[in-house]
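All remarks here apply to the structure that follows.
We call the chains A, B and C, going by the order they appear; numbering starts again at 1 in every chain.
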Amino acid sequence: MRRKLTSKYIILGMSLLMLAVLFSTPAVFAQKKSEVVFWTSFSGQPERGVMDEMVARFCKLHPEIKVKKVVVPGTETEVAKLLTSLAAGVGPDVYHLDRFTVCQRAAAGVLQPLDKYIKGIGQEIEKAYLDFAWKECVWQDKVWALPWDTDVRALYYRKDFFREAGLNPPRTIAELDECAEKLTIRKNGKLERMGFVPWWNQGWHYTWGWAFGGEFYDEKAQKITANDPKIVESFAWQKSYCDKYGMKALEAFSAAYETQTESLNPFVSGKVAMIVTGDWFIAFMKQFGPDVDYGIIPIPRPAEYKEPISWSGGWSMVIPIGAKNPEGAAEFIKWYCGPEANEIYARGTYHLPVSKKAFEVTSLREEPRYKIFLDLLPYSRCRPVIPVGALYWDELTAARDYVIHGKKTPKQALDDVVARVQAELDKILGKK
Amino acid sequence: MSVSRKGVRFLKILKAQVITRLILIAVCIPFLLPFFWMLSTALKTLPQTVAYPPVLIPNPIVWDNFREAVLTIPFFTYFKNTSIYVGFSILGTIISCPLVAYGLSIVRWPGRDSLLILILATMMIPFPVTMIPLFVLFSKLGWINSYKPLIIPTFFGTPFFIFLLRQFFMTIPPSLSDAARIDGASELTIFTRVILPLCKPALGVVALFQFLGSWNNFLGPLIYLMEESKYPLSLGLQDYRSTHTVQWNLFMAASTLVVIPTVVIFFLTQRRIIEGIHLTGIKE
Amino acid sequence: MTPKKRKDIITGLLFVSPWLIGFALFSFYPIIASLYYSLTQFVGIGTPKWIGFTNYPSLIRDELFWISLYNTIYYLVFAVPIGFAIALGLALIMNFNVKEKSIYRTILYFPSILPVYASAFIWLWMFNPQLGIINALLDKLGIQGPGWIGSPEWSKPSIILMAQWGAGGSAIIFLAALQDVPRELYEAAELDGAGRWYKFRHITLPSISPVILFHIIMAVNGAFQLFDAPYIMTGGGPANSTLFYTLYLYRNAFQYSKMGYASAMAWILFILNLGTAIVIFKTSLRWVYYRGG
């Protein structure tokens, strides 16, 4: 008994001692003056290694600036970590931000405008970048980010299946529908292979809305135009696949293969003959489907449109508010988003460069499959630059789900989207 | 014994041993699937993790994945960080929660039940809206970039465990503590010598749950740590994710290594801790 | 007040003091802050703009508020009883006295310790409508498996089902409680000729009723605050069928920069959650049996 008591006192004593120690050494987190703290969520290879290389190269060129790269993993980085840190004034100098959200974060007061730190804004800097990328960095006449990389989308198709069926790759929606039908295989009433499922992978609402010639936002009037008749048509077209192939069967088929993000990719395994996805898929195919015979063509459009279309996302570099070393940060991102850095990154990771100079001479042009993506970039667009971008995206996704599962008609679903998003947009714009 | 009685006994044994085992095995099968899949993925080559039809038994079996998983990322740094964090948080919980629970159960005073409700109420505010003020608070204390925001609060009690222990304490017959009081024992003595020893199973459960909670905690370390060298395993495992792909085999190999200590600790302790002292003659 | 009562109150407060101090240090400010935010328009950082109670009627008019509330209550109504039954059932099984019970217990407990990302991936694979084990087994029984997580009708049941694999955790708590039931009670009942069901209903259940109360209150709280599973697995879809309340709250707080709005959501949830807990507590006086206290 006495032993037990002593041991309890020992534990108590130890913990009090430890508490005293913990409380008595306030390790105040402080940043060195010449340091530039850079946060990114890129935690895996090869991106991480290449970025280390790039940071090292910058430090060699600019020995007076010490860049400290910190990998902050997870998809919640941007919201959870960045916001909490900014609220307490311990945020980074440079942040790696999804370009699509730049406008939203700028409107929320999370970022600093770059105009005063980066020389050349208002003159040559914007001309240095592809148009759609630069658009996403500007909000209310101020520049909030520099574009860092980009991506673009096209239609991949299985040459072996097409040869088998004696088909040519589709250029128009009508041809697409026809190929899809001929390449679909049913067995015992179940779908064995689908020729095409419009909403898989990158076949998003934006993809088809634009392919069909619709516009999602009227910049001049600041109006959300999700119920543009062409967009309604694109939704109805997607729904037609459900009607043709059976909603339940397609639902099961979709749920079975579509959600296999990395494993069991349906294009590799031959579950689907065509898929809309991005340039990054080339690296994926090299690794997981090296023996698959496939081709890439622009996304099919209704016959009346002759020009190809695509859209792009990508990343950017920003300086959040409260940065301790904005000048150093500006020097860093100017180089990091410049042509030399773009090319190092492209060569190391096969991601597309976004600065015009790099775009023209990139070594990616020598890679056989990349040509089509590089050719598509001039025709690519970006998503509407509005402070409710995330909301708009979520609403469109829900609307598409409602339509596909037969819960709302396309017009009704999109009218609802307009109502909700417009209300939010007006609120934010109204107060500015 | 006559033949028929032997027969009856045999059937009874059969029922007890075989049928219970059948039930156990049947129920265990679906629960085994996750572990089996995890281990199988950990032993595959990367292309096989995405192969279709899904490969159940890897071929070849790549034991090397474990070595590679541990070498590709600073696995042991992460492991060390996690262990320190987990160790101290268990200590804090084991010290504070029984004390508070005691005050809500064995000591009889008015208002204690309302206090219990208040304690529970503090768990009911969803985390997104308290995250930022809490972070600002910790930064004013100078605790950012350390594990202090995660460890020190455990020394002040956690509602989940306080409530759990309180319920366990309430099952102890009051005659025990009353008798000790009559003998002149102080409350603290009653606490340490009478109540705690009786609640070993519950304490074991609390330690186990705190272990798990800290071991798998992602969001906490994410927002409070500012340097990679301080990351725990939960953050470190993200090193296997790239922008569009995940190295599933290494990821699962590392995850298996992460999960194994938990399983081992559970296996070793569950018998000792969960099986209560078969109370010798506690009379109602 | 009698001196004894005063002494008891002081003793009680002393024992509870760690929590009281912790509350004052760590909980009080964030909770009050969130209440304040609910009365403002706030992006999360910077200065909130006072708008009084405006957020609350806005919520009432918000269609997604009702959808997310419905989803959460749906989950609660099914997951809590099912979870309870399975956890208790598992505990009873874990209690079987066979030599290798440690192995069985470890197996049953294992899924509940997997980190969320790992278990999410595993469940998605198992519940895959065309490739997964679950539908394959159903097929053998001649039943056409549904679309599970990809179908708006089956997505919530899928999540409820997947949550049950974590029942091992709760089962351990029940197991500890089962171990505590004095054997003499069973022996005495057996002498009187009691059968298994009688023993279960009149000895086991009342004896572990305090822990049952714990489980139910925690399960309800967990159901109200369900976040990880939908966040990682479904993102709220398809067609908002898995947009649970806390997920929608999170989105408003961080994705849409509407921290004030989200705080209002938080306080509505708080009232519902606390109210339910208090009701459960009040009714518990009738069926929970405390031998002590």
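The criterion applied here is as follows: a contact is a pair of C-beta atoms (placed from the backbone, for glycine too) under 8 Å apart; a residue touches a chain by one contact, two chains touch by 3 or more.
Because the structure is predicted, anything quoted here is derived from the model rather than measured.
Chains touching both chain A and chain C: B. In this structure, the chain pairs B-C and A-B differ in their number of contacting C-beta pairs, and the larger number is found at B-C. If each chain is reduced to the centroid of its CA atoms, chain A and chain B end up 37 Å from each other. Each chain gets a centre from the mean of its Cα atoms; for chain B and chain C, those two points are 16 Å apart. Touching two or more other chains at once are residues 52, 54, 132, 155, 218 of chain B. Within chain C, the positions touching two or more other chains are listed as 44-45, 125, 131, 253-254. Residue numbers of chain A whose C-beta contacts span two or more other chains: 80, 83, 87, 263-264. Here chain C touches chain B in the complex through residues 5, 8-9, 11-16, 18-19, 21-23, 25-27, 29-31, 33-34, 37-38, 44-45, 90, 93, 96, 98, 102, 104-111, 113-116, 118-119, 122, 125-126, 131, 133, 165, 168-169, 172-173, 175-177, 179-180, 182-183, 207, 210-211, 213-214, 217-218, 221, 224-225, 227, 246, 249-250, 253-254, 259, 262-263, 265-267, 269-270, 273-274, 277-278, 281, 290-293, going by the rule given at the top.
The residues of chain B lying in touch with chain C in their complex are 17, 20-21, 23-24, 27-28, 30-35, 37-38, 52-54, 96, 99-100, 102-112, 115, 117, 119-130, 132-134, 137, 153, 155-157, 160, 162-164, 167-174, 176-177, 187, 191, 201-202, 204-205, 208-209, 212, 216, 218, 234, 237, 252, 255, 258-259, 262-263, 266-267, 270-271, 274-276, 278-279, 282, 284. Chain C contributes residues 43-46, 63, 124-125, 128-131, 145-152, 236-240, 251, 253-257 to its touches with chain A in the complex.
Contact residues on chain A toward chain B in their complex (touch as defined above): 1, 4-5, 8, 11-12, 15, 18-19, 22-23, 26-29, 42-48, 70-74, 76-77, 80-81, 83-85, 87-90, 262-265, 268-269, 271, 280-281, 283-284, 287-288.
Across the complex, chain B meets chain A through its residues 46-47, 49-52, 54, 88, 91-92, 95, 131-132, 135-136, 138-146, 148, 151-152, 155, 192-193, 197, 218-219, 222-223, 226-228, 235, 238-248.
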